[in-house]
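First, the structure itself, so that you have it in front of you.
As written, the chains take the letters A, B and C, and residue 1 is the first residue of each chain.
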Amino acid sequence: MLKKSLLLSLMTFGLTACGGGDIKPDSIKSEVPASTESRDQIKIVGSSTVYPFATTVAENFGRSTSFKTPIVESTGSGGGLKLFCSGLGDNHPDITNASRRIKASEVERCAENEIFDIVEVKVGYDGIVMANSRKSNQMNLSLKDVFLALAKDVPDGSGGLKPNSYKTWNDVNPALSTNKIEVMGPPPTSGTRDAFVELAMEGGCKTFDWIKALKKTDKKAYKSLCHTIREDEHFIEAGENDNLIVQKLNANPNALGIFGFSFLEQNADSVQGSTIDAMPPTFENIAEGSYPVSRSLYFYVKKDNVNKIPGIYEYLAEFMSDRASGPDGYLAEKGLIPMNLDEHSEWKASVLGLEPLMLN
Amino acid sequence: MRPQIQNELRRRNRRNQIKEFVIQGVLIASSFVAILTTIGIVASLVFEAFRFFEKIPLTEFLFSLEWSPQTAIRADQVGASGKFGVIPLLTGTLLISFIAMLVATPLGLLSAIYLAEFAKAKTRDIVKPLLELLAGIPTVVYGFFAALVVAPIIRATGSGAGFDISSESALAAGLVMGVMLIPFISSLSDDVINAVPQALRDASFGMGATHEETVTKVIIPAATPGIIGSLLLAISRAIGETMIVVMAAGLAANLTLNPFEAVTTMTVQIVTLLTGDQEFDSAKTLAAFAIALFLLILTLGLNIIALRIVDKYKKKYA
Amino acid sequence: MPNYILSTSRQMAKRHAREKRFKWYGRIAIFISIAFLVFMFSAIIFRGASAFQQTKISLDINFSESILDPSSSRDPDLLKRANYKPIVVESLLSVIPEVTERRDRNRLYKLLSTGAVFDLGEKVADDPSILGKSKKVWLLASSEVDLFMKGKIDPNVSEDLRRLKDRDIEWIEILKSEGRIKKKFNKTLFTNGDSREPEMAGILGAAIGSFFSLLVCFLIAFPLGILTAVYLEEYAKKNFITDFIEVNINNLAAVPSIVFGLLGLSIFLNFFHLPRSTPLVGGIVLALMTLPTIIIASRSILRSIPQSIRDAALGLGASKTQTTFHHVVPLAMPGMLTGTILGMARALGETAPLLMIGMVAFIVDIPKGVTDVATSLPVQIFLWADSPEKGFVERTSAAIMVLLAFLILMNICAVYLRKRLERRW
């Protein structure tokens, strides 16, 4: 009796393990010459800023077509590009989201792993905000304030540098409050981090003439000076989960959080964005470009996988459709700053034509 | 006996012997899975930790006081400086575990003593399952409770009293972890107290002691090694706990003993380092394995000491 | 003489008082512990009970064929992708005609969940005969409307501090007066997988993922655990190897669960290249974690079976195997099953090891097998707990209630088994 039940359990196990993955709808089998060993679900990784948009499109795509809903993981732009460029094949993602443009070194890495044709898709625009809980007062910061509050080394007033010892906002700028500097931001895997150091930190760093001059003479030192963020308790790396940062802001009214505009919009009832150089972070200001810390959002697709994994082309079609990323689309409702009609049509044509990326 | 029958019996005997042999083989093989698992755990941790120590010296890991692992992931990027000292993580872990033990030890011990010695059978029948219920609650539920209910209450009480308590204070996480440990300590202590032979109790009563005096002056001292063993096992459990601290404790390394501040623990860092960017070449990802190895040695060490104490104690009264 | 009688009775009074105090300490300790339990349960039920209801809005929808299926193809895919927004807006305007501006119409449309049009799509695709007719349909309302109906949004708070504006509230009141907005039982919680929108998020995907993980775990851990326990108790001689195995098992029982996750990551994912985020790998990791518990519990059951049973069987000519598997094990099986169920209950609640093997992605589809990407119920709770939208807070609590219900059920099963089938020797 025992042997029989053991045998039975082994058989059931075998059968259940075989279940799942193999069932494909007939319509797909005829359209795409998929190999029988490939997986049939799109794998997406990457930016936590693009994550809310990618997941919304993925969900709508899954519900309105017979393809499986793509799996989306939030790894950070840098982390995602690393996974993306690690190779072709089922164990590697098909698409990676990025809240900054792919860098030349990453394209090189992709090429090293036999990935030559990458399709770049621009999604829209986004602003990076420094927000705090509505329970506190709104802060008015200048880029210089941001740099002085967060850099690892700051100017010492006589042409040199000293380690950052500012503890309160008042230390940085007498016009600001005496609250302790407590900023939660993304780790280096995040595109938001890259964009923040390039736009905000560097923007504030440049206001010192001698540092600006350094850019021409020693670019590496300039970058290191402007991009390095302090590592004490005043800047806390809060991981790739922007939702969590919003929650922590609710619990700690003194802290500021760095994240994308969509998170500000979706939680406007509990958090507020600080004005940067007197510009409040609003939809209009970011779309016009007058808010100083705004950037474009992208995602990258392996052209080779479009034929291997069912549904990628249709996913692209859904993402670039007017109802999704158009000026009145559902992504705009989620906080995406969409491209204007002309730009959107241009990108739509290039993406649906699967034109490979050319970095100039 | 007819030769056919003899041969038949001989054949059957051999068949049965083979069967016995095969079955015994299967049994031994399945027991080896436990050993394989241990080997697997040790191998995977040691192998990756070794690769980590090729990049970061062991002395820095064990003695440096700074933990700042978020290094740049590209050549043209500027990240953190990459300090990999485990001490701030260890102090964070120990601080939270200490607070947890402060809560769990008196509550767990006193409950166990009362249930073992004083309670009526009906009370025991009701209370024991309730305590077991506390033990069965998943740690993610405790974590949710800690982050969304306990931490705000503590923070509000603190600011009402004039203290600035972080929303990720060691106090919140430690408190809830303590509640989780109460049934653990209670059931282990219960076993230990029941192991004290009746003869000691009878002797004490015979000398005219009250029940309480018997308990405090005879049974507890006799059971002390066993109780210490149980407490060590509880500490080991607290150190290895993950979900409560991931949800309620902080992310930044902080070398402090102040329970009102946010600290991070070894388990939180393992989770943070491994969800997201996962390149098995960078010191950052490998650091998680180094921490895990350190954690494993710590918890196993505590367990071995605890079990040895409890064994010696049980042998004394066997 | 009177002197020391008085002093001893004073002493006795002190001693009795101390005993009384001590007993109270014990009672207070138990009381505090149980109070924590009650506090936790009530906090969770308080937050989660409202999630079992969901607000729905009823509208008379005219399924106009010219808009939805102009070519009369009746192709389900096309029907699903058709543009339902105009017919929904038309229906809304028939109830609240004073909305004229385009921006306001969009706001009115937003009272419904973004998933409502997909529900309509599926409805029409399932039954295309509905085209050309007009029908009354209950559609899912958006999360903000739902929270308002549950009293969780305070209309007196200043307008820019909330996402539901005054105009929205006016419209909701109109719908209420016509009986077109009601709270109904929340089926979506139990029939949907995860979603970006709180009102459409459900636990079915996570529950099935947990089920598959536990299935794999059981199929691996139960036979291995029983066989190991049988070997160690019945067959093994007291030698170095047996001691080594026992020490290993005791140590494994004490290893933190996250280390098992790392084992899964580095060996099963990186070395054996098993599929990431699947219940297959999750089940294997959980099995390795539960194995020591099952072995230790089974061994103690086997030890409690009296030697007389074995002696009797051997005396009647049974072989060692026959004795063990035909007599001892069947008698021990109820106890071993109880231990296994309790081990499974613990595995059900485990989160950390599953995080390490990647079951943390956004997964909408319901898994159909052990090699489909999935998540598990405790991981789903963990992921939802991070979302600050109020709609998710109540859902997280509801998911916790479901998880606890399963656990309590499993524990009751185990205790029942133990009581019914236990034998006193």
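One rule holds for everything that comes next: a contact is a pair of C-beta atoms (placed from the backbone, for glycine too) under 8 Å apart; a residue touches a chain by one contact, two chains touch by 3 or more.
Computed from a prediction, not measured in an experiment: that's the story for all the values here.
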*If you tally contacting C-beta pairs, which pair wins, B-C or A-C?*
B-C
*Chain separated most widely from chain B, comparing mean CA positions*: A
_Based on mean C-alpha positions, which chain is nearest the centroid of every protein C-alpha shown?_
C
_chain A and chain B: spacing of chain centres that average the CA atoms, whole Å_ = 37
*What whole-number Å value describes the gap between the mean CA coordinates of chain B and chain C?*
24
*When the C-alpha atoms of chain A and chain C are each averaged to a single point, how far apart are the two points in Å?*
30
*Multi-partner residues of chain A (at least 2 other chains)*: 74
_Residues touching two or more other chains, restricted to chain B: which are they?_
275
*Listing for chain C: what residues touch at least two other chains?*
223, 360
*Would you pull the chain B residues touching chain A in the complex into a rising list?*
66, 68, 70-81, 83, 151-152, 155, 166-168, 250-252, 254, 272, 275-279
*How about chain C: which of its residues touch chain B in the complex?*
15-16, 18-19, 22-23, 25-30, 32-34, 36-37, 40, 43-44, 223-224, 227-228, 230-232, 235-236, 244-245, 248-252, 254-260, 262-263, 265-267, 270, 288, 291-292, 295, 319-321, 345-346, 348-352, 355-356, 360, 378-379, 381-382, 385, 393, 396-397, 400, 403-404, 407-408, 411, 415
*If you look only at chain A, which of its residues touch chain C in the complex?*
2, 6, 9-10, 12-13, 16-21, 23, 27, 41, 51-52, 55-56, 58-60, 62-66, 68-69, 71-74, 91, 134, 241, 243-244, 246-247, 250, 266-270, 323, 328, 330, 333
*Which residues, counting only chain A, touch chain B once they are in their complex?*
74-76, 78-79, 82-83, 103, 105-106, 187-189, 194, 197, 223-224, 227-229, 231, 233, 236-240, 248, 251-252
*Touch list for chain C against partner chain A, complex*: 77, 80-81, 83, 106, 110, 114-115, 118, 121-122, 160-163, 195-196, 212, 215-216, 219, 223, 273, 276-277, 280, 325, 329, 358, 360-365, 367-373, 386-389
